[in-house]
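These notes are about the structure you will find just below.
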Amino acid sequence: MTYTVEKAAMTRLPKDGLMDMAYRHRVLLSAVFLLVFPLLVPFKALAVNILIYGLYALGFNLLFGYLGLLSFGHSALFGAGSYACGILLVHYGMPWWAGLLLGTVAGGAMAGIIGMFAIRTSGIYFAMVTLALSQCVYYIFYQATGLTGGENGLRGVNVSDISIFGLHLYFVDPVTRYYVVAACVILALFFLSRILASPFGAVIEATRENEARARASGYDVRRVRLVTFILSGGFCGLAGALQAIHLSIVPIETMHYETSGLVVMMALLGGMGTFFGPFIGAAVFLLLENVVSLWTVHWQLFVGAVFVLCVLFFPRGIWGSVLHWVKK
Amino acid sequence: MTDRMTISRRRLLGTAGVAVAMSPFSINIARAQEAKIKIGFPVPLTGPYGTEAEDQVRAAQVAIAEFNEAGGLNGRLAELLVRDDKLNPGEAATRAIELIENDKINFMVGSLSAAVQLAVNNVTKQRKVIFNSISQSDTINEVADFSPYTFHEALNPHMTAGAVGRYAFSKFGKKVVFLTADYAYGTEMVTGFREAGKAFNIEVLGDIRHPIGATDFSTLLPRIQAMKPDILCISNFGRDQQIALKQATDFGMKKQMKIIAPILLYTGRLAAGEAAFEGVIGGTSYYWGIENKIASAKAFNDRFRKMFGGKVPSDYGSLAYGGVKTLLMGAKNAGSVDPEKVIPAVEALKYDYYKGPQFYRKCDHQSVQSVFIIESKAAPKDNPADVFNIIATDEPAEANLRSCEALGHKA
Amino acid sequence: MWRAPLQGNSMAGLSLELIGLQLFAGLALGSVYVLLAIGLSLIFGMLTVVNFAHGAFFMLGAYVGLWLLSIGVNFWICLVAVPLIVGGFGLAVERVLIRPLYGRGIDYPLLLTFGLSYIIIELVRIVFGKSGYPVDTPALLQGAVDIGVGYFPLYRLFVMAVTGVILIGLWLFLERTSYGLIIRAGARDPQIVRVLGVNIARVWLMVFGLGCGIAGLGGLLAAPLQGVIPEMGGPILAEAFVVTVVGGMGSLLGAVLAGLLVGVVVSITSLFAPEMAKVAIFALMAVVLLIRPQGFFGRAGLMS
Amino acid sequence: MTVDADIILRTESVGKRFGGFTALRDITVDFRRGAITSIIGPNGAGKSTYFNLLSGAFPPSSGRVFFEGSDVTGTPQHRFAHMGIAKSFQITNVFPQLTTHENIRVAAQALQTCFDMWRPRAAMKQLSEVADDLLVLVGLDDRRDRIAGTLAHGEQRALEIGMALASRPRLLLLDEPTAGMSPEETRIMMDLIVKLASERTVILVEHKMKLVMGISDRLLVLHHGELLAEGTPDEIRSNELVKRVYLGKREH
């Protein structure tokens, strides 16, 4: 499967100054965009949700879009980050930044654990194994009520005052909260951008393109997959941790397989294997859901229809289609 | 100024959209004014409890209508901002934040699940907004989750299970088996039953936990039959309860033991049919049939019937009426919507709005109220809404609640 | 932080009869899984489509049955009519939505059916409302009968019998008809069928319809057990997936054996740690996949 | 066994079974350094199975494989490139969405780094130069920025050999390098193989015996999974057994 419209477009048009520049400064561009983004969204909490789910979809996209592995168990990675951050803040009184950091680590660690088992399989079986393992993780967190609050969810992940290098911010304030989250997201985008442009980024692409050839060239494909899965878990873990401090709760639904399905939907909608696609997918999905659910209780009909139409007519997703069009 | 107007109009249209989609109620847009008292109302309009949630909205509308007809707060009228929480705590928290930050609501009322109410409560207490929860939970009373801004109009599992237990253990025997959904709601109920059972020296033959959302109990029921209890106590909610009762009936268990449940849901009974529920005994916070004995219930039912084409309010629906009404009356008594003034006013209420006398206990803001013990009828005679018999009333008493100290509050 | 899975007194009353009854209950439960899983497996084996809408078809069967019963159609006629109607709907879905996706990779049909299930569920909510409906057990099948180790509801025995009949019918169809021959060959190697010059599109269409029809029948049979509600397809789909994967995707025999195995695993877990019943299903799947990634009877490397 | 510097690869009574089917039985061969050795045989003789054992695609069921004197039996395939063995596939196998240049660059990168996630790959200039050099070697320097999937069949085969060379192998394994090629493309490929053999050992599997007679130093003939004969082209030509089972039949 191939989704590298974006990269192909770039290699095709190395001389096209504007595109090339946009491509090289994509992190900077997104930073500028995120600065004004809240003005385009009905309310700040939604803008924050879009950032968080965009980041979550970005992590998923690294595995599915760039490496070509479809996981139906990403909720476990997102949830691991969320719970790690929540538990550390609530039960161990750690500061918010430690929660974010360790949430990221927890996402990666969870990916490592699931990956050790799942990476032996591929294709549909990989999707199924990750689904099964994430369900096991769900039930473990569900049962560990002492730490996770079980079905009631983990409450009290309250972050009110934060200080960064002497700058004191009131995190409950919606505007502050948005920009703190946005800063984390830009950092993540920067990291992703570095990874994709790095030698390892080339290995990821090569592995997706042709596993047998990559192996014959001397790459340990299984380890490449595992490492990519862990990186993906790190991004998803950070997204989860941000959600924990944004909502100040960690619901058990975070771990539910529907949360895995959601991210597949967002990535598909935005355009798999593209840099900005996941964010566009998350934004379009959540905005539509917000608007439609104010208008009718039958918003799920709409969601389903968008999904089906997307698969049938825009398999490249929104951003993928745009890039394809530009390339032409 | 113009900016704010557009936002509020957009929101209003949104609210109206939800209302229209759930006709027959509509919101009076024409009278919308800047200074309205806004009440955020997150309930699960989509998903399996949609019917229940719609009834919650209806009942809340009754309270709003009554308040506005009585002249509001010195002419300041109230409005309801309904949001779909999708039965998902994350979504509920997002919606609660939206309602507070964007719509600048004055009060929050709502929720239909323990997890959602705890999520909403977490958001409201952090932002110092009064929240009246209208679904069951013991946890929300406890010191970790409670805040001065937290009120709990609904019953809690301890009260409900206690009332049902005291009734059932005295009548049907001492050998009990529990079949319980494995989450807070279920386990809190069992704790309540066991607590009540101490006084009757009940013998617990089995305490079986099933996963939430179970669709088949056939693998659990033969074992329960083999235990030969006097009473089977099924503590689960919604569809779990409907399926468990249906399958227990199929296995012929009603002939072998008495089946009790902490709560018999009105909508659940309608959805599952009379056969499954027949003869089962349980508790409820409200059943429209109490109107023969309680004047306030009669008035509430009549108003509800008038507004919604002869329908009667459900149990969880009526809680929404109580939840909205108490906060509005508190505001009226305080002469302000300032939470710091409204809280003491609500604490001071001794009210009888729809089900007999009630008041909020000071330490945990739990509404002290009666629990009705009901039995599901074989077949409704002429009125399809006539599904339960009221067989006893557990009168309101602070003694039926867990003590403030046990909840971690300073006495 | 972990709750003890066993309460001290819950082992009371464990007898051979009970264990026998428990195993039987497991097999009865498994037979519903089998009805869903054979369709999933058939569709996957032939079309390499992972049908995420299978649960929705199951639910649709229950609602079509509910509707037929409400307009006075006899339950026994429903047993024939429901699979035909749901199967017919399945044909339309394959023809209109899934066929354009062949050759586009295995993820696309999966994602499409995932979205489709949302649409079907919401449409049912619009037509029938959000709350569920009770469905009475047919009068002839009410009550419980003695099966030697204890009493068991007659209706559940009936469900097992219907599953048996369906399996025998399917077996005869696959073994004795020319279509069956093509399907069996196709499930083993889709290339062969294409080489044989068979009109594969027609076979695929039929297989999809057949799978959906059986799922619809499963829904109808489940309706008197659990009532109907728009969301009823969700949990059973997850369980049917486990069955299909454990049995080996594409293998009918695997689906049958794994379905019964999962039923028994659930019932035995229910005996010792009932709250773990759902975990046990997924744990079983994880273990099987780790030891034998292609499932009991699956072809290795099918999907890589 | 003694380490003989002249022997680059040795298989010691290797065999391979698939379930009940024995594809290869008890083959002991020494491959000489610096030579072109061709493995020939009719369809189903076990050529591909033997090739896959040599290239580490799967381990033998019995016997051992030695590369430059050390036992490499069961070594994971990705290690082979690092040891100095590279292969091309029977079916064209490139990274179709990447450019020709990037194809070789990625292959060359395998020797240097895999998990470096921080440095920009553009900074690794010498890899890019290696890729450019190899493009010249395999005659694709004018196709540098084409998407590999759009190249002609013969060009893709050449690209694949370029990728194999990127790991600077001492031993190059080629599986039917001229399969599906036009006579013109075949000729170019044969010239390329001879050119490559001047600096490294080449083992190739070939179906068309006539084609390799001229360029091979040694030939192995497989038949029904067994080694039928081994020797120089002249020896093979005059071998009675080979004549009977192979040359006796019509070549296709």
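In this document, chain identifiers A, B, C and D correspond to the written order of the chains, with residue numbering beginning at 1 in each.
As a working rule, a residue touches a chain if its C-beta (ideal position, glycine included) is under 8 Å from a C-beta of that chain, and two chains touch if they have at least 3 such contacts.
Since the structure is predicted, the reported quantities are computational estimates derived from the model, not experimental observations.
Undergrad: Can you name the chains that touch chain A as well as chain B?
TA: Touches both chain A and chain B: C.
Undergrad: Taking each chain's centre as the mean of its CA atoms, which one is most distant from chain D?
TA: Relative to chain D, the chain whose C-alpha centre sits farthest away is B.
Undergrad: Compute the distance, rounded to whole Å, between the mean C-alpha positions of chain A and chain C.
TA: 33
Undergrad: If you average the CA atoms of chain B and of chain D, how far apart do the two points sit, in angstrom?
TA: Here chain B and chain D have centroids separated by 74 Å.
Undergrad: Just curious, how far off is chain D from chain A if you go by their C-alpha centres, in Å?
TA: About 42 Å separates the centre of chain A from that of chain D.
Undergrad: If you average the CA atoms of chain C and of chain D, how far apart do the two points sit, in angstrom?
TA: 49
Undergrad: Going by the touch rule set out above, which residues of chain B reach two or more other chains?
TA: Residues 46, 50.
Undergrad: Please set out, as single numbers or ranges, the residues of chain A touching at least two other chains.
TA: 145, 298, 300
Undergrad: Give the residues of chain C touching no fewer than two other chains, as numbers and ranges.
TA: Within chain C, residues 125, 275-276, 278-279 contact more than one other chain.
Undergrad: Using the contact rule from the top, write out all pairs of chains that touch.
TA: Final set of chain pairs in contact is A-B, A-C, A-D, B-C.
Undergrad: Going by the contact rule set out above, which residues of chain B touch chain A in the complex?
TA: Against chain A, chain B makes touches at 10, 14-15, 17-18, 21-22, 45-46, 50, 84, 88-90, 93-94, 97-98, 101-102, 114-115, 118-119, 121-123, 126-127, 137, 139, 144-145, 183-185, 212.
Undergrad: Which residues of chain A touch chain C in their complex?
TA: 1, 70, 117, 120-125, 127-129, 131-133, 135-136, 139, 143-147, 257, 261, 264-265, 268, 298, 300-301, 303-308, 310-312, 315
Undergrad: Within the complex, which stretch of chain A touches chain B?
TA: Spelled out, the residues of chain A in touch with chain B are 42-46, 49, 142, 145, 150-153, 155-156, 158, 160, 172, 174, 243, 247-249, 251-254, 293-300.
Undergrad: Chain A touches which residues of chain D in the complex?
TA: Touch residues, chain D against chain A: 55, 76-82, 86-87, 89, 93-99, 102, 105-107, 109-122, 124, 145, 147, 163-164, 166-167.
Undergrad: If you look only at chain A, which of its residues touch chain D in the complex?
TA: Touching chain D from chain A are residues 2, 4, 7-8, 11-12, 14, 194-195, 197-203, 205-206, 209-210, 212-221, 223-224, 227, 231.
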